[in-house]
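Here it is, the structure, as structure tokens.
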């Protein structure tokens, strides 16, 4: 059972909650949207008597799902998550682009300036790489993050990078504008709890075998921890179909957009593993109502140390941006860009 | 090994084929696109000597797939399939709409005139229904087809209906403008062979467990039988995700568009089982490059005898058509309509 | 709602049904087990008044599933299906063995005598082959069935072969002892209905994307048509795991054994596509409680025209039979064999 | 490229490796089986010249897979992993049993003595529980581990518990006899690397969407870190079939037994989510050639705080042990038990 409080004062909310507790019920307050109170032990019948009509309460709803704080009813108009100077929300369309892995200063800066010129909203790049085989390139680590920060100041683009372990929150904090939870860590609950404490946006990728409920519950962990700046990202689920690397589940994106107030991105690069499919799937994501895409771009995909075969060249990315810009007005959106763009 | 012949005369082709056979090789001629010769037993080395430079030959390619006649190389600009007066091709966007099952004269005519007014291209309706349970409504049979023919003359829309058995080709022939092979019959090879002989377009739905290769090979059966008027239709694959009824595999549609010259439709109604997801998925299909959609519409979904819960109302369908018309110009397409529309 | 009648006379049952109908309810009688009456329109409350205490009624149960006649409650001790002289039931363990496709007289007779010597219960062989590609070997057709009948009289083993079209029931009738419905035709409802009329056992393979419910409903079609001699066969479902050809779903076999009174076989050859995995999976099927296996054996797998790579050699099959015979006593079963075996 | 060294002295191996490196090639030594040298950069042609015939080398093989150290060729007769006093290997059959979560002293001790009396080999119990929802019971933490250690000294059974974070290795070390890596952490590579350094056996559960290759590569991470005491455990994969909770992939267990020298367990409790299916699937696992099972047992499943609906009662577990003991001799195995069992 969840309750929404409006512009109520902190004092009013505290008194209301204490009143509920005095009568023997649990009540927890969360800073989501305007503020939410979860009342897990109150029956629907008692609810009205306990808090009905109280001026600190705007709306009451009884969720029929295991997730509460991420539900659309909490923020019916959708949450806007600001990553650096870029707002990810339902009016814009955020294009997160960059190499799968940061490999060298040259590679990163060439790619970063390339995607920035083409109109990307946010720069992505992996420093700590989760790799299926212990013998593969595992990323540049902190050195990679420092290169990302350099690319940020060079291009003005905010930076996103994957985090795999709670102890990295602190060293990564000043170097990135958003943490990414990778598909393999979507149910690393220690990590999710730690990010709930962090003062930084988090992009939560869907695990390839996660149901929609499991994905939303992963986000719920972070919101329940106090951090509501969460963005979801669909990147393909694992099915019998191996013509594409994973199966991009766009219908679930449309469904999730109704279930939650959080922004939802689509990653066609990992989902399809095929650069030729990235553009049509990106356009489909825009028309469907997704809030952005995350795509892999490499200045020379043939030399990539990780996932090169699925990366776009900078030229192909620029063409994709053109197509997105052509389609966007018909969907009522505009490509998101930093609020204060750098002057050349 | 497949070879494409241009405006070569029939005599030239016959002589060429006879020449190949005289030297001990197999050769079969198919009326696909401008005409194709399959030379299964000729090695790439012999190919040039046998037919290279012959004036009846335009292009030669060596397929690395088990399907040949459906491959894009046969008709690089894409095949246009005419269903009644409507052309399904890459310039247009065909909207096939109507009830899952024909239930009564009133229901069908109300729905048919409703979708026609809203701008549908083609009318669909099931007369012979494949039903999972023997105790469910199995369709009106021939009576349903006669009602469809009546709806066709009333609305001017061509009519599509599912065929489940080869012996129904003949009685259905004059009543429908295209046969639909349902997902459960995609590998009913006797049926596919019989439709290869029929002089009527065929819409081949993808089975929910079919790989892309199996789907294209089902179409190949029909082309190999001599009928090249085939349209493919994706309707969701079966995966672990049961938040939607099936998982709509749009990335495979983008991939199949590159693999084959045949038009490809998307059926978001069966794929999602949820009328609220039909519109976003339809718009995504248009942006992605699909050649049309197939959606279920019922004049009163609550009363439907089959799949009512996934049908659009006529009002919701009209709104979808508005959205499609708004988006279409930005994709370089226009909604397909009968060449000679009826005057009121 | 289903009702079980015991040794009631036909007259008593007829009168009971007429009485129910006179009061305005539907009632259908099925010859399943001792006999079943379906009363779809009677509410649980009326049930007792209508038929409660009638001496023609042994038990009443209210199914919570869409399938009724196949349910375990109808025949709690399990149905024994006789195929030729071999009884497939819960005391025995039927080993159905033979080539994927009948290719020639030599191949079939060598394989048939080989599997018979090793102790197989039933001979299998495909004459009409459903093939994914139109260019693959499609089977010997009626000639293949005649060879199977010859192998039957030579070895004394009953014969099973796949049927793909209702019009083949009649010509196949005298040549085979059981019809097999292949995985691709599990929802070919015209075929299922026709087999419901046939006086011959039917083996229903599970489609690779079929849920347990859909599989049992396919069997329900045949029982509802009047033929209760149905055997189920699991042959692997389609999943993301492509290390084996399909994923053998043994847990569902254990579950189905509780849901239905029909015997259930396991086909590890199609499920795994790997001859080395056939023996361990066969032993697992025996220990799990399956009623038999169906395995592919070829006298020379390297030369097979269809699925050779998954066939056992006759030697490997004989070793498997040895292992099964060693394990069977500990499971309370014995390998099934023809009641009247031929004398050499 | 991997090479096996036999009873070679450390000095010989060191000199051999230095020799290889002097000629400009990479070489790493691993303590797996008798010892393995990986030579990733040496071509097959150079291999013989570099190390061929050297007396420190027993065998050479060139893997065609991404995993090397886990491959069967390294230890053709299979690795025996000792957990406490219990040997998990191909001669025995290890039964790991206990509650999903440690809930209280009473619950744990009642269950532990129950499974010990019935003949279990090893005790399992979760202290840190990964839970899909942030609002579910998250386990007793260190207090749960202390209760497990108490149960161990009471019953003489070694103890297994799940680890979710590298920093828990140290505090858990003296309290458990083996670490379990849960399905959700199978690709938590930081955790795998840390366990590669630990001097304690590790049970690696297969993630529900993991391919066989990904599962074996997770084990490879631990072996590459220097810890070769790894046991694998299949617990069901995620497929469209939701009649059972997951799909138990027994055929892959048979396949993995051929691919790797590591022992492989089967967890039918998580795989099926249905206590009635646990016994048949356990017997199937034994017949198939698995090296043991892991099952959930609760002294009162109706009161369980986690996964109660899938737990066996102690009585049902005792019956399962009887069935396993009856079947085991026919498979050439005996139920594993602590080498020094406690006297009553």
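Per-chain residue numbering starts at 1, and chain names A, B, C and D are given in the order in which the chains are listed.
Rule of thumb we're sticking to: a contact is a pair of C-beta atoms (placed from the backbone, for glycine too) under 8 Å apart; a residue touches a chain by one contact, two chains touch by 3 or more.
Quick caveat: nothing in here was measured; it's all calculated off a predicted structure.
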Any chain in contact with chain B as well as chain D: A, C
Selected interface, C-D versus A-C, where C-beta contact pairs are more numerous: C-D
Chain whose mean Cα position lies farthest from chain A: C
Distance between chain centroids, defined by C-alpha means - chain C, chain D (Å): 38
Averaged-CA centre spacing for the pair chain C and chain A, given as whole angstrom: 50
Multi-partner residues of chain B (each touching 2 or more other chains): 209, 213, 238-240, 242
Touch list for chain D against partner chain B, complex: 238-240, 242
Chain D - residues contacting chain C, complex: 209, 211-213, 237-244, 247-252, 254-255, 257-258, 268, 271-272, 274, 276-277, 280-281, 283-289, 326-327, 329-331
Complex contact set, residues of chain D against chain A: 40, 66-67, 130-135, 164-166, 184-185, 187-190, 193, 207-209, 213-214, 217, 220-221, 224-225, 238
